[in-house]
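In what follows, subunit A forms one complex with subunit B and a second complex with subunit C.
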Partner chain A sequence: MSLAKQLNILDYALQGLWRRRLKTGGIVIIFSAVIFLAASFQFTIKALNNLVDQDLQATPEIIIQKMSAGRQESIPLDYIKKLKGIWGIRRVVPRIWGYYFDATTKANYTVIGLNYKKMPMGGLLDKALIKGSLLPGSGEALVGTGVKEALRLPAKGAMLSLFRPDYSLKALKVSGEFMPSTDILTTDTILMNLADSRDLFGIKPGLVTDLCVYVANPREVTTIARKIAARLPDTRVVPKSQIKETYREVFGWRGGFASICLLTAIAAFIIFAWDKASGMNPDEKREVAILKVIGWQTADILGLRFYEGFIVSFMSFLLGCSLAYAHVSFMGAGLFRPILTGWSVIHPEMVLRPGLEFSDIFLIFSLVVPPYMAATIVPAWRSAIIPPDAAVN
Partner chain B sequence: MLIECKRITKTYRSDNKLLKAVDGASFTADKGDFVVILGHSGSGKTTLLSLVGGLTRPDEGEVLIHNTSNWQQSDQALSVMRNKTIGFIFQFASLIPSLNVLENMALPLCFGHHQHDCTALAYKLLEEIGLADKAKAFPGQLSGGQQRRVAIARAFMNKPEIILADEPTGDLDEETENDILAMFRRYNEQGCTFLVVTHNNELGVSQNNPRTLRMRQGVLHA
Partner chain C sequence: MRPARLFFYIVGMLLVVDLLMYAWNVHDKRMAVEGRRAAETVTAALGLTDLCIATEARYTRHPVLADGVVPFMDYPGEIEHFPTGSFWAPPVKAGRLRPSRQL
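Coming up: the complex of A and B.
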């Protein structure tokens, strides 16, 4: 098969698609819409994972929680001493992490009490705050955008009143806000210092909810986690990778469910395309027969159909992917943010940045082009084996 | 020998009845021959032509072109033979409706020719049939006779050794018919072999040394 001949067939395919531009355009539009949805999902999940990775940068490598009867309970600060001498631990910082249910807004907020001055990367926290925010001092708190909106807090300096377990009120002054770009992790967060959170939740002195372990070399996390677990048998030791996994699973499950719906849609479309292509009309039949009389072989007709299928599916792939990329990065995946981040009561206002990864593009390509070609192979074959004498009578 | 038909038979099955469209037909034709095939409607003339041209596979017997049996070669070789050796003029409209006249003409040369040469040759042939001004028209914009003439011109595009023509002048007026027959004679004089199917007893008269074969119910008589 000479190159010139292949180019001629390709040329004929392009001309044919152009002649049938209405039909071609229709298929490309429907197909790229389906691809657009699938690719948007893929990109959104990727972007959410990137976001989590990025936001978790400053968080501790390992978290230790005390367990009793399979449930979490407060952990004594004394445990910190028991970790002395484990090589590779940079610092252990106590933390109070809890959930506060606000009856009026029917929302759950995440309350975090930290001694951020003792945190090795406490400085990074500043970067997550909007301009003019201050790290909370005693009696002060930082809030996420979701909290601010839900409670309709006017601005910095507003007072936040929360109930202690005995229904007495605890007032906190808002010293700043988290940046919307960190929403995925911080939107429902109220951050305060350790003493205030202990007061709010009524936790006894000398106890916290968990201990944060910062590690010098991230590659040693597993070893260190194992050593901690051995020394503190009544605790659960959670490395950061596991937290990431949890997030990924949440997105993955939702994404996976949606992907199945979309694959069904793609399959339906391909069946439609197949159906459409298999009902060959007499004109098409005649055209093939004439081409054969004139000297085209079965393989040439097959090649023609192959080029047509490839051009249609590849164009749809390009169009769908580009639109999806624009949708996710410039419009924040507006179409399905509710499904993907709906796990929080408050909808995060995050900025999504899908990294354009070859693996994603390739995945989408392989879900689109080969199946389309496979779906059209039978009709292509049926068209190719039309005998030349079909044109004679 | 250029064309050699050896006892070819083609049977069609319709409504569970077997119909021998061509029944043991044998004949030969050499370079430069002009063979007229006469016969009533339904006598198997079209079937015979498509057997000779390698469009239809015979049930029995074989057709040899340049001493090569049509159906004992690969699909590719047979296609090349149809492309290079034969020009086929169909009994009925055979232009692709979505291509204009020039594009229809260029189809046989689609493989391995320069666009420019194609166009030049197409114009020369359109000139010969008197339709040079219709080069950009689509088949739907032409009369039946004009479409027929374009189809005739297309058959000559690949400079074939053999022209298989099925009622080529069936729906043409006398004057146009004479033009086409004169064109046939010119190509015939240059050595092109013709196999022409017709109802018209007089068609052969216009040619130099016509040979007439008659078909009756699938059987070929000299």
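Coming up: the complex of A and C.
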């Protein structure tokens, strides 16, 4: 089989597809849309996992939370003393954090109270704020851009009025705002000092929400976590490694759930393609007959049908993947935003950057192109073996 | 122009567009150094563990610090109703409910 012959068959296949451009165009558009959805999900999950890898590197090595009756409750500061003597612990920082539901805007805010000076990179926190912002002192708070937008806070001299559990008001002066580039981490965050957060949530002195543990040698995290769990049996010990594992699981589940839905769409499309390809109209039968009369072999007609199937599925694959990449990279996967955020009132500005990996592209390719080719190959063979005289007559 | 050549041109053009999008993404990522540093700083300084994607429920805001069964544990027989919670993965194994036990 010479290259020139194959190019001629390809030319003929393309001309045939152009003659049936309405039908071909329809198939390419529908197929591209299905591939676009499947690829968009794949790229979104990949980009979200990249965000976890990129932005959650500096998270505490271990977090300790107290559990009671299957629920998390405040942990006594005395527990820090119980950790004394565990070799390898560099520091333990107590933290109060929780959720504040704003009935007016229906938004949930994450309130964090801690002495950030004791945290790693705490001295650099001002570098993550917009110009003119100050780190919060007593009676002050830093807010994320989502909180500022939800509460329509003015640029300067803003005050926050939050309700304590007894419905008395706690007023805080807004000292600044986190940079929009940290939105994916801080958009719903209100940061204040430990005493203010204790006052806001009505948490008794000597209690905090959790303890952040930093260890000297990252290789010893699991060993130290085991020792902590043995010393504090009523606690939940969350090591850093579990963060990535949890996200892989959550995103994997979401991606898998969506993939199952989309596989159904792909299967439906392939059945449609089979149906279309197997029902040959008289013109197509006559075309095969004429080709055979003028000397085309069965293998040539099979090649012709193969090229037609490949052109349709490959062009759909290329178009679908390109649109999906643009959708995720430049539109932040806007179509999936409602699925990812649900009833959330505060939506972070997400900058998704899906890395292009061969495995992802190959996965999408193998999900769509070979099944389409397989679905059209039998009808193609049936059309190729038509006796020319039968078709002409 | 023969159709095959036109077809190869179109495929080539699409591949060039893809390459340009990818190159722009890589370039943009390199330029966003300041933003990445700011994100690293807040993660370290506040001890953050989760991305702020869904803020509707506490277990979807902080999945790392939530139990696997938390969507259903507010009261006996509770039916989970948050949209993002419907994508919540069931616990893989019973031990995951108490991570401190499996360390």
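Note that in this section the second predicted complex is superposed on the first by the 308 of 393 C-alpha atoms of A that agree within 3 Å, B and C clash if a C-alpha of one lies under 4 Å from a C-alpha of the other, contacts with A are read in each partner's own complex, and residues count from 1 in each chain.
By our rule, a contact is a pair of C-beta atoms (placed from the backbone, for glycine too) under 8 Å apart; a residue touches a chain by one contact, two chains touch by 3 or more.
All figures in this text were calculated on a predicted structure; none of them were measured in a lab.
Chemist: Quick one: classify A:283 as touching subunit B (first), subunit C (second), both or neither.
Modeler: Touch partner of A:283: subunit B, not subunit C.
Chemist: With both complexes overlaid on chain A, does A:325 touch subunit B (first), subunit C (second), both or neither?
Modeler: Second partner only, subunit C.
Chemist: In the superposed arrangement, does A:388 touch subunit B (first), subunit C (second), both or neither?
Modeler: First partner only.
Chemist: On subunit A, which partner touches more residues: subunit B or subunit C?
Modeler: C
Chemist: Would you sort A:292 into first (subunit B), second (subunit C), both or neither based on which partner it touches?
Modeler: first
Chemist: Going by the contact rule set out at the top, does A:19 touch subunit B (first), subunit C (second), both, or neither?
Modeler: First partner only, subunit B.
Chemist: Answer with first, second, both or neither: which of subunit B and subunit C does A:81 touch in the superposed model?
Modeler: neither
Chemist: Both subunit B and subunit C contact which residues of subunit A?
Modeler: 15
Chemist: How about subunit A: which of its residues touch subunit C in the complex?
Modeler: 7, 10-11, 14-15, 18, 48, 51-52, 54-60, 63, 65, 67, 70-72, 93, 95, 99, 107-108, 110, 112, 114, 116, 119-122, 124-125, 127-128, 144, 146, 178-179, 181-189, 191, 210, 212, 222, 225-226, 229, 233, 235-239, 242-243, 246-247, 249-250, 252-254, 257, 311, 314-315, 318-319, 321-322, 325-326, 329-330, 338-346, 348, 350-351, 353-354, 356
Chemist: Which residues, counting only subunit A, touch subunit B once they are in their complex?
Modeler: Contact set of subunit A toward subunit B: 2, 4-5, 8-9, 12, 15-16, 19-20, 283, 286-287, 290-300, 387-389, 391-393.
Chemist: Mind listing the subunit C positions that touch subunit A in their complex?
Modeler: The touching residues are 2-4, 6-7, 10-11, 14-15, 17-18, 21-22, 25, 28-29, 32, 34-58, 60-65, 67, 73, 82-85, 87-89, 92, 98-101, 103.
Chemist: Once bound in the complex, which stretches of subunit B touch subunit A?
Modeler: Spelled out, the residues of subunit B in touch with subunit A are 46, 49-50, 53-56, 75-76, 78-80, 82-84, 88, 90-92, 94, 96-99, 103, 107-108, 110-112, 158, 166.
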